[in-house]
């Protein structure tokens, strides 16, 4: 009995220590990535290529999701707002929800699922097939040649995707609110403009998405780089990327929001 | 001293206290093709990584071109590695780059040559391995033997002084095997390099090697020219060279007595 | 060949992103509407500002003419000192009346300016003398009940100075 409890406790302890260990290695890798970033910016071509595969290829899923999210927001918002006779405020509701929260957060979650897993699997496979080792033996640092360009591509792509998400979501909301529900188009935009602040809402949203970009890219890269070089190892690393990225995004979102709402 | 481009002295290495190598001594004279042979899991590949500075020895040292590898800084190790080329077990070609770009990779990374010169270099190297016509293909379109040859062209792209081969024959058909085998010797002599080949394919290797080390259980158990080893009466060498199932290397993984295990029942 | 199409896509991607941010700033946000270029600062003291917040609009005749910059408490007079930034294009006379209104029944509060008849205009750093406090619902109700109870007493007018 005690034996079993002891075993369970030590198992938990080991897992916690392992987590802390991995977090430490991830932090160390983050520093290496930052230190070798100058190198990868000299060869902007590589970064461009990675922006293509992380950013451009994520466009479709981001835009389609944004459109639907915006339409749903408008429908739900209208349903509640009309009870209080303020259905013109639907524009404000859609815009604030998207710009402050849903734009950055949903984009980051989709990014983790679409681009993050691709990055993890790619790096993990490069490790499994000894491509990273080969690179090292050719006296080329995989951190500056493979990891850093992908990191910066993610950090650059994320705010762009989030801004597009918000914009397209608002258009989706407009399409539902104005032609379908029949809210006045002028009221829709003017109420929005009167209540969405550039600094407090839009810039803060962009700051959030940059932070999420750092977190998601770093997690995806670390999980791939740290994956055991087997098929099972890579598949588990891919799962961990999605789980850890999602948790990190939601946790960071709370922290960032609590800093941003100060009035 | 300077006759040997690589020297391994009293080298011990292991993970978590379990030693894989226990005091290995080897020398690799310039211009020779030297084979390191041994059973699967005897740490042959690890030896190559120790020479390349990817791992640190627990004890002893590896000297490359009169410099002790594990005492080098990161930049020092990178400087040493530029004298080396390595062929990985399955080629380790960059799957997102074409054959041409794979071979061009080390040239692009380490030199500032104009594009036309890079092109000439790459085609020259690809021609040497007989795959100039395949330069537009992607690595996924190549057969195992072909990708091994492309990887070889990439390994020698910068004319290294040391070429290391990690199981170059693994999983190849006899024809490809013969091709790679010839290439190892030809490239070595053409470049004036030193080749270190890790393998367990006795017949191919004995036909081209100048000197052979046998490694087993973390130690060098036999060494000599192929001719000497063929005539060796040492039991391990005899078993290995003639491919016998049982001998000094047992067929069974260490296990308790079979009879007692069968009758042990379920009381555990 | 493939590289140039890829570069093209990345270029389009970046341009779309820039357009989206610009669109958010101009069409969705208040970067255009709140870009009150040159402003002058005036202050106004209130006994009670209710739930007025910094950045709340300052309106005159329903048009936004400025924003509330900051709200401080004056420990000498025990009043709230509100700093307003008003657009330079809109000069107001010295005896302008500033009151705190509520947009709708439960909406946010804003400051309304009603111009007086003075010849000279408010300058930077001036203080608006005539103010009217925010209506506090509880106060109003208790006052109403109080008035009902003693109809003889003259009803107290809302506080003006």
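Lettered A, B and C in written order, each chain numbered from 1.
As a convention for this text, contacts are C-beta pairs under 8 Å (C-beta built on N, C-alpha and C of every residue); 3 or more make two chains touch, one makes a residue touch a chain.
This is a predicted model, so every value here is computed, not measured.
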> Listed by label, which chains are in contact with subunit A and with subunit C?
Replying inline: none
>> Suppose every chain is reduced to the average of its Cα atoms; which one is closest to the average of all protein Cα atoms?
In response: A
>> Suppose each chain is reduced to the average of its Cα coordinates; what separation in Å results between subunit A and subunit C?
In response: 37
> Centre to centre, by mean C-alpha position, how many angstrom separate subunit B and subunit C?
Replying inline: 77
> Could you state the distance in Å from the CA-based centre of subunit A to that of subunit B?
Replying inline: 42
> What residues on subunit C touch subunit A, complex-wise?
Replying inline: 3, 6-7, 9-10, 12-14, 16-17, 20-21, 23-25, 27-34, 53-55, 57
>> For a test of understanding, state which residues of subunit A touch subunit C in their complex under the given definition.
In response: 45, 48-49, 51-52, 55-56, 59, 95, 99, 157, 159-161, 163-164, 166-168, 170, 189, 192-198, 201-202, 206, 263
>> Under the stated contact criterion, what part of subunit A meets subunit B in this complex?
In response: 125-126, 129-131, 133-141, 145
>> Looking at the complex, which residues from subunit B come into contact with subunit A?
In response: 52, 54, 78-79, 81-82, 84, 86, 88-90, 92-95, 105-106, 109-110, 151
